[in-house]
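One structure below.
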């Protein structure tokens, strides 16, 4: 991807000013607007599956932002985990709970104005806070901070313990999800194709 | 690398993307026919019906593009593109020959490939849901379940090669290849290839899209060009899978005269594998849905884990 | 590089691998043994579940108990000097894992609480659980596995010394909890799990935002490093750091169920299997509390007065809200007993927060000892109370406990004792001592008003604890009418072995501590970190 | 690159997520909003990591961990949602209220849960018949 990025703009921060953004900054901003727009549509649309698909756009755009920030490995993991698995699971969930085509009556709750107020308030506060704090900070993107080799090195030289703890977490989530989605007494269901000896009725609940 | 170079590589990839799947498709017609004691298409184009797929394409373009009344139009129309594009992106990073004969070098090649290929499942889900047809939805759900299940063994098998080579870059892996990797990574190759086959929903893993079971699953409502795009994505998938398998497990461009004919070796290995894909379609009966799932979780994943352990042990023993 | 200098960030050398051999962190296996053994036991249970025949599944419970016992035993060699492992091989130094007194005390609480829970749930898991209201039992292997992995997270958390490990340990402790709550797979459990899950995930997201701000301001995620970084942070980043600190506290406050993040507690406890509710009220809370203590006293030390005040207000609100709600519980609501215990646990969380607030004011970690001591006492006694409720069963109405002394004398005595301990009345002396210690820490730190609020709350709490206790010894009114739905057969049933053992352990522990409270109060005097 | 760009984008995304969590009624949509919040945090962490030139790469490591946590949460969360849907036939947050604090006396008795489930089963039958 490096050449594609190089085509987008010079890597050296030429001039540090709001007024003359570098090519990279322009790309970042454009993708950022796309991400934000997709996110807004995703939380406001009343078509359930569309919301999930807009979320795909937002998360994919974020992967591009990670690439622009030189965190290459994180970007691919984002695509692999979010776009390849999380969204698919979400769509799965939506479809299994009968997502209708068209607008869904149960998309939004009654407290949208309150939610809007809270959202705007938090946006205003946080933006002020962040802009104030980082008004004179620039990122130097010259070093490759997130190639796979670097990632492997820091993960296994500094973050072994959380990494191991995560494996426990993942296993627990997997087992938990499996056991919750198994139907009650689902251990001995008749397999398709085999003769049933007796009508299997779930025992009284 | 300047802009022209980049452009040239992109165009080259696009050409490969458009030509190779057609070759595989034509080969499928003829190979299947001969295996079944038939001749297959013989008329289009004159010599042994070589232009049959072109004719098919013309026919598909002429057909009416129907969007069902109850469907979600935008998603319905977008789905084929979502299914097809990931393969194009993946083709961009598969190295064909030594010394940079590759569309684009990506540092985390394997990760990129598996990540992007995983996105393709969205196309099937979108198609199935947007069709407003219960068979389509059912097929889409089955497809998604199947793809998610087989993603894991594929990832593990690829991880085994990456561990052996000590890199995740695709050219880097081919560079590090030795002939004895073939027996060493044999199990991994089997797992990778089989899981890939299942991801493509090729027979014998085609339960979610079986026309005689659930009338083509997610693609029931598609006609004309959009249906052709789904078909194209299947054949592009075969090319990508076979190319990846040959790069990861069969040494890509390695062979006699590899400095000059490296690209030919990659193509030969790819098409040999593609032949196996076609062969399997003719040979094996379809797996039932529960057998499919069980195969992934109780056969492929343990095998992949075993391969990973084996790779680790030998790797430690070597160093 | 210049950006870092401009803002006064510590200079960091570009990544360079010093020696290839030191690529992987060195590990002190003895120090990490307690959580490690819990995790291994979880795995062992999972694998054993695959191979054991149906009839032998009961063994799994005992296997889990043995695993937890082993993990507890692994604490013993660690007493004494603090040991650190998973240290960073950089110029910054520091470690991810430290087994000091604080960590050991909370690991004792987490693993001990889990052990009691295992004993409590032995009979709930095998076969039809008569008290759960539904005919379906719990799936054994998965239940034990999830419980053990959650305990592993709760044991890892107090020893974690960087935010990454802390956050993940917190997730490991909570996430299996969602599944445990819904494990009965009926509508009630699903609803509880959903409420627990949704509010918890949101809290996690908010907390992570806070963590990211703190990281930006301090330049590191190590707790010690954050304290240094925040102290020297440029003025420009101060508001950001403060906001980050507050947001991080939100996540932990949620896990401790402090008001206003408490609303999930009663619904979750009621829908969950009883032992799980007990587990969440003790171990889940201990995990959140230890995380809160670590983050505040270690990482955010420079902002002591700010969060001291925040925590003091939180503590006051929490205990008041919990206790008043508990007081308003009526005797005839279904699951009233669990609901009362849930609200009372919210109230108790308020007491537990008091020494933390005091630590902020006193500018030292000393008052934390009171929290540790109180948490240990509370954990023992509260699990005991949940145990008796599980034993009595039935609809779980408070009315169902009327005249329990006549039907099951020992259960009634045990429950009365536990309740008195929770209330802090003799003969439950240990509860009284715990409250006194907490009280003193508040007074010492100059938080007179908080002490007054706490005193008022203790009195409020007395009312409902005593009412329930009195109910136990009241003559059963309307025997015939009550018998049908109050679970009469459940009460006269023979006490299952595991449940009996758990109750015995809890009661004996509480009794011993009441006679010799110095055993646990000694924690207060020693230095924790 | 100016650090304010990623930071502002992140907090705006976070606020959008907050709005979604509060405004959405379907549980899965709420979950999606939570994912947005987590992703905003990830962007923050990556940007700060690069800005600080952190030798430990704490930001990127934490990002990877957060992504994993999010995946684990969503997997378990959807299992819970499906469980709720199976027993209650709804995926709306505000319809799942059987456990609320009931101070008004309700005469349903101990087996209100059973009644609930039966209702759900009946509803399912009706839906199937329709």
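Going in written order, the chains are labelled A, B, C and D, and every chain counts its residues from 1.
Throughout what follows, contacts are C-beta pairs under 8 Å (C-beta built on N, C-alpha and C of every residue); 3 or more make two chains touch, one makes a residue touch a chain.
Nothing here was measured: the structure is a model prediction, and the numbers come from that model.
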Pair joined by more contacting C-beta pairs (C-D or A-B): C-D
Most distant chain from subunit A, judged by the mean position of its C-alpha atoms: C
Distance from the mean Cα position of subunit B to that of subunit A, given in whole angstrom: 26
Euclidean distance of C-alpha centroids - subunit B vs subunit C, Å: 50
CA centroid of subunit A to CA centroid of subunit D, Å: 13
Residues within subunit D bordering two or more other chains: 7, 10, 14, 17, 21, 31, 51, 53, 56-58, 61, 65, 69, 72-73, 76, 79-81, 83, 86, 93, 114, 117
Numbers and ranges of subunit A residues touching at least 2 other chains: 73, 77, 85, 89, 92, 96, 126, 129-130, 133, 135, 137-140, 143, 150, 154, 158-159, 162, 166, 169, 172-173, 176-178, 180, 183, 205
Touch relationships between chains, expressed as pairs: A-B, A-C, A-D, C-D
Complex interface listing, subunit D residues touching subunit C: 7, 10, 14, 17, 21, 27, 30-31, 34, 37-38, 40-41, 44-45, 48, 51-59, 61-62, 65-66, 69, 72-73, 76-77, 79-81, 83-84, 86-88, 93, 96, 98-103, 105, 108-114, 116-117, 120
Subunit B to subunit A touching residues, read off their complex: 1, 3, 6, 70-72, 75, 104-108, 111-112, 114-116, 118-119, 121-122, 125-126, 129-130, 132, 137, 140-141, 144-145, 147-148, 151, 168-169, 288, 290
Residues of subunit C defined as touching subunit D within the complex: 1, 3-4, 9, 12-15, 88, 90-92, 133-134, 162-164, 167-168, 171, 175, 178-179, 182, 185-195, 197-198, 201-202, 204-206, 208-209, 211-213, 215-216, 219-221, 266-267, 270-271, 325, 328, 330, 332-334, 339, 394-395, 397, 485
In the complex with subunit D, residue positions of subunit A that touch it: 13, 16, 18, 21-22, 24-25, 28-29, 32, 35-36, 39-40, 42-43, 48, 51-52, 55, 58-59, 62, 65-66, 68-71, 73-74, 77-78, 81-82, 85-86, 89-90, 92-94, 96-97, 104, 106-109, 111-112, 114-116, 118-120, 122-123, 126-127, 129-131, 133-135, 137-141, 143, 145-146, 150-151, 154-155, 158-159, 162-163, 166, 169-170, 172-174, 176-178, 180-181, 183, 205
Residues of subunit D that touch subunit A when the two form their complex: 1-26, 28-29, 31-33, 35-36, 39, 42-43, 46-47, 49-51, 53, 56-58, 60-61, 63-65, 67-76, 78-83, 85-86, 90-94, 114, 117
